[in-house]
Amino acid sequence: MLKVGLIGAGRIGNVHAKAISLHPGSELASVSDVFGEAAEKLAAQYGAKVLGIDAVMADRSIDAVLIATSTDTHSALIEAAVAAGKAVLCEKPVDLSLERAQACLKKVAGSGLPVMIGFNRRFDPNFGALKGALDGGEIGKSELLSITSFDPAPPPVSYIKVSGGLFRDMMIHDFDMANFIMGDAPLSVLAVGSSLVDPEIGAAGDVDTAVVTLAYADGRIAVIKNSRRAAYGYDQRIELLGSKGLLQAHNMLENTVVKSTVDGVTAAKPTYFFLERYMPAYAAEWDAFVKAVVNGTPVPVSLEDGVKALAMAEAATRSARSGLPVRLDAI
Amino acid sequence: MLKVGLIGAGRIGNVHAKAISLHPGSELASVSDVFGEAAEKLAAQYGAKVLGIDAVMADRSIDAVLIATSTDTHSALIEAAVAAGKAVLCEKPVDLSLERAQACLKKVAGSGLPVMIGFNRRFDPNFGALKGALDGGEIGKSELLSITSFDPAPPPVSYIKVSGGLFRDMMIHDFDMANFIMGDAPLSVLAVGSSLVDPEIGAAGDVDTAVVTLAYADGRIAVIKNSRRAAYGYDQRIELLGSKGLLQAHNMLENTVVKSTVDGVTAAKPTYFFLERYMPAYAAEWDAFVKAVVNGTPVPVSLEDGVKALAMAEAATRSARSGLPVRLDAI
Amino acid sequence: MLKVGLIGAGRIGNVHAKAISLHPGSELASVSDVFGEAAEKLAAQYGAKVLGIDAVMADRSIDAVLIATSTDTHSALIEAAVAAGKAVLCEKPVDLSLERAQACLKKVAGSGLPVMIGFNRRFDPNFGALKGALDGGEIGKSELLSITSFDPAPPPVSYIKVSGGLFRDMMIHDFDMANFIMGDAPLSVLAVGSSLVDPEIGAAGDVDTAVVTLAYADGRIAVIKNSRRAAYGYDQRIELLGSKGLLQAHNMLENTVVKSTVDGVTAAKPTYFFLERYMPAYAAEWDAFVKAVVNGTPVPVSLEDGVKALAMAEAATRSARSGLPVRLDAI
Amino acid sequence: MLKVGLIGAGRIGNVHAKAISLHPGSELASVSDVFGEAAEKLAAQYGAKVLGIDAVMADRSIDAVLIATSTDTHSALIEAAVAAGKAVLCEKPVDLSLERAQACLKKVAGSGLPVMIGFNRRFDPNFGALKGALDGGEIGKSELLSITSFDPAPPPVSYIKVSGGLFRDMMIHDFDMANFIMGDAPLSVLAVGSSLVDPEIGAAGDVDTAVVTLAYADGRIAVIKNSRRAAYGYDQRIELLGSKGLLQAHNMLENTVVKSTVDGVTAAKPTYFFLERYMPAYAAEWDAFVKAVVNGTPVPVSLEDGVKALAMAEAATRSARSGLPVRLDAI
């Protein structure tokens, strides 16, 4: 039974607490949060202790930590946990600063401890089925990848200001997905972005609508589309053209009911947001982490994967500003 | 070049005139109608003559007649045309009276002349593809057939009164479709019908909503659903369960556009009614007739097929009244 | 916290144990089974006691029993539990004998204790959304209901022999669904059935393919199609024509991936069987039971509902044998 | 009755001959082609004359010419036809050379004669319905456009060598579609292309797989994906995110049949290529041209539209080579 210290008791921390608790191979040992009340409440719900971060690290009975705090604390917490001999699952992104993330990667390299980054979408059953079909040769060789990823509504501008911006906070999922599907990092990144959804976002120096093209060394191409607003809900689709066919992972819908009236033929909307769409993915992600830790096998999404995706976000940010392509090896 | 005399210049006569005229192997030679004006107008449109029915039969240059008059005249016109040595394509149903239709069948039997009944739906590309997949063994042996056939809106009660009722006028298409798909006529017919759409239809002694179950000698089953009203348009679907799978022929939609908004995910409605849905089927039907006549091969839908479907309509009418199953061999 | 005694530790008992255990308002107190080993194993998994049935009934700390034993024991267990003052959730069908079920209903009437029958499909989110749309007036008044319910593969003939046959064991779900959607029981039942899937089933006196038509007092019609075999998986669909439109609840698919190749455009199959398709429904069913018990409100599926569905199964069994319609009030 | 001289009797010339001939307001007066035999054959089919180009221009009875010759002759033929006082419908692209096309535009400007460019896809009923829904305000303001346009198989390299390459020959349709949907030309063009389908295409200096991003002055973005090969057929889709929703125009399928077996749920493939998919669009295009000529209203796709799309193709060609964005006003 893997004993887990959860650091961060916000919305995503709650999601992880549930996954940890429902998993037959793990239990929630402790909860930490700068807001004591949030930690108390969550700990009580699952019969866990409330601990300060130093106490978590010092507690020899805690095998693993799940880091779900604000992004600027991730690198330091990863380093502290590894120093304390604990396995780590850390939420994305690794850091807002690519340099800091690279330093963290360097510091924990060679520890032999599992450090996994929480790119939950790799564990979505639909995207997993798409990847499985590709790997099974069902559409030949991959050629042209297209990722559509729209949020239902923009976050408050206050969040935008600390999030690192659309490329680091939102599209970073899609960068990792591209790496996962294509099995390689791109050579160069070409970003076009604008603020169409909320002028406040533009005023804060960020974009809310963006298209990024990734060019690979072998000529393959990927394109990622992001918007902070889709009136119909969370739009999460992948489409991959291969030499022998096309794979598409469509949205999951709220239900399967279709209504035909004089106004048309109407189906349900996509599941509303990431909590609805990706709940099974969070559980599968946690299961994969537990299995890797218990079996001593490599984690399926490494810290290096997290740093790669962050480098792509950095490149996209620069490209969107300059209007020029940015080579990843120049980052 | 097959020279064709069209008898009947109403709505469906106009459909056939176009098909005859567009076909490279046929031309519209004459048009006949009890309403002289209708005949004049249609004839002028295609450069054809206006002829009385006797003149059509007497005209040695006319190779074939297409009968699109009111149902009570079909049998006599078929007999006259065959007596005059002409090939015949006659609209469904053969007659309102099963006895009269059987007499007609007996009379023209052995003439060696092609007499085809206009069950246009056999030529619909979707239903044709379903039948082709069945015949190609793609779902094993057929077991359970389901036909959904709803009109967008009921006809005027005045029409109902002369149409022979829902089973003879509307479901007769579905009876023929069942015979076409199942490759056999059923042993017995079980009908349940009511008047839910328009009380006037019930007052006129007819039903507007009906479910008919067909039981076959070898245990297979078919079920046909009819309604005179589908608010969303013409609903024409077939579904066939076989020992190795299911085939479904879905509706054709007005276009392929899908709109996603806060209200749901909305596609276009089905093509509105039979003129929209079955126009390609009418053209294919005519082509099949021309080919059979020219090549001396059997017509794909025989007069006997027409009489069979009419017998099923008769059985359904009786079953709906008595509440009891009616054996086809007792009709 | 509702303390629950589970009677029956078979496949469906396991499903319920999980639902009871995951629900925040209930806990699994005891497990009973004629096979001691099965009871031991399941009890151990959830930290429950193993109790004999008499002990369960005698245990004042147990608030409710969930009956998941073989059908022939249901009535007696319901009666015993009610006599012991416990709330009851009993699996469908109430009994194989309609008389026995009616006697049970009479016996427990007036006890004031909640007795619910486990028609889990009422709690499927898709069927629930369809019912909600109907009740919300979205398609006007209901007119013609069609239920498709195919199992992926037939059970062993040994099971058929004790199950009461297709109408009592399998289609009983659809009878209840018709009652749920139409809000009324039908006037008469017309069944056509045959054995097409497995000749052994026919030899055992049962059918494996059937179509049942239900006629309602107000003229509405419902048709239910059952087959014991659908090569592509569990096919569970409902379609309802109303005066202003059509509602369809389609199958849930294993995933949303679509593959387009030279062979066509291929989507995933339906979720394989009832455990995959209806797991959320079992949880929602349990939640509804707990709420009714705790709040003292009527259970959403009453023992009377269970007896009604059984009467329809009885009528269908007779109709399939005689070939004649059977009135429900004559049962 | 508009009398039309068709110049070019190749594959696309045949398509136009049929559309001209079927239209009630036009007739095919003459056919011209450098291959006399092709002209003879096509002319005979529709009862038209064979004429040399000078004779066509000199024939006062010919009201309009349809130019369907090789691209390098388009500009000269447009100029000659306008000089001869004829209305013109010319196939896309206007020219391979942007300079030559601009010169042509300048030369015919002010003639007052209708000159329309054959961007047939604007007349596809699906894309038309999408545009209509946008203009009707159904998704608010347009923000992010995505066009997918894959051919089923690459043309012979000999064709590639004279076609002007993927951007001028194939994606030019999509550039015009972007202009049509967005109602504006972009500020800059960013192209990434490679040769993944056929190395011979790469050796000939062209790409067969490309992604082009268009950035608009008001911040809107469009992305176009092209591939010369889709194993499943002709893939022609448009997707537009607006402030209040999403519009998608999906592919048309060969038929509506869906087969469910142990291998999955399989629908028909998209209609194979442009002849199958766009035949109704060619007829609607011709109808729009005839109406504009007869009514003296502006043609729906002007020569200027053709030159704009060609400028975008030129920009994309340069961008794909340099790896840098190219501003349209710098072309």
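Lettered A, B, C and D in written order, each chain numbered from 1.
The definition used in the following text is that a residue touches a chain if its C-beta (ideal position, glycine included) is under 8 Å from a C-beta of that chain, and two chains touch if they have at least 3 such contacts.
None of these values were measured; they are calculated from a predicted model.
K.L.:
Out of curiosity, which chains are bumping into both chain A and chain B?
P.N.:
The shared contacts of chain A and chain B, listed by label, come to C, D.
K.L.:
Taking each chain's centre as the mean of its CA atoms, which one is farthest from the centre of chain B?
P.N.:
A
K.L.:
How many angstrom lie between the centres of chain C and chain D, each centre taken as the mean Cα position?
P.N.:
58
K.L.:
Could you give the separation in Å between the centres of chain A and chain C, each centre being the mean of its C-alpha atoms?
P.N.:
Measuring from centre to centre gives 40 Å for this pair.
K.L.:
Identify all positions of chain C at which a residue touches two or more other chains, and write them in rising order.
P.N.:
139, 230-232, 235, 244-246, 260-262, 268, in rising order.
K.L.:
Hey, which residues of chain C end up touching chain A in the complex?
P.N.:
Residues 125-126, 129-130, 133, 138-139, 244-252, 254-262, 268 of chain C touch chain A in their complex.
K.L.:
Within the complex, which stretch of chain A touches chain D?
P.N.:
139-140, 143-144, 146, 148, 150, 188, 190, 192-197, 209-211, 213, 215, 219-221, 223, 225, 227, 229-232, 235, 241, 243-246, 323-325
K.L.:
Flag every residue of chain A that touches chain B in the complex, lowest number first.
P.N.:
230-232, 235, 253, 260-270
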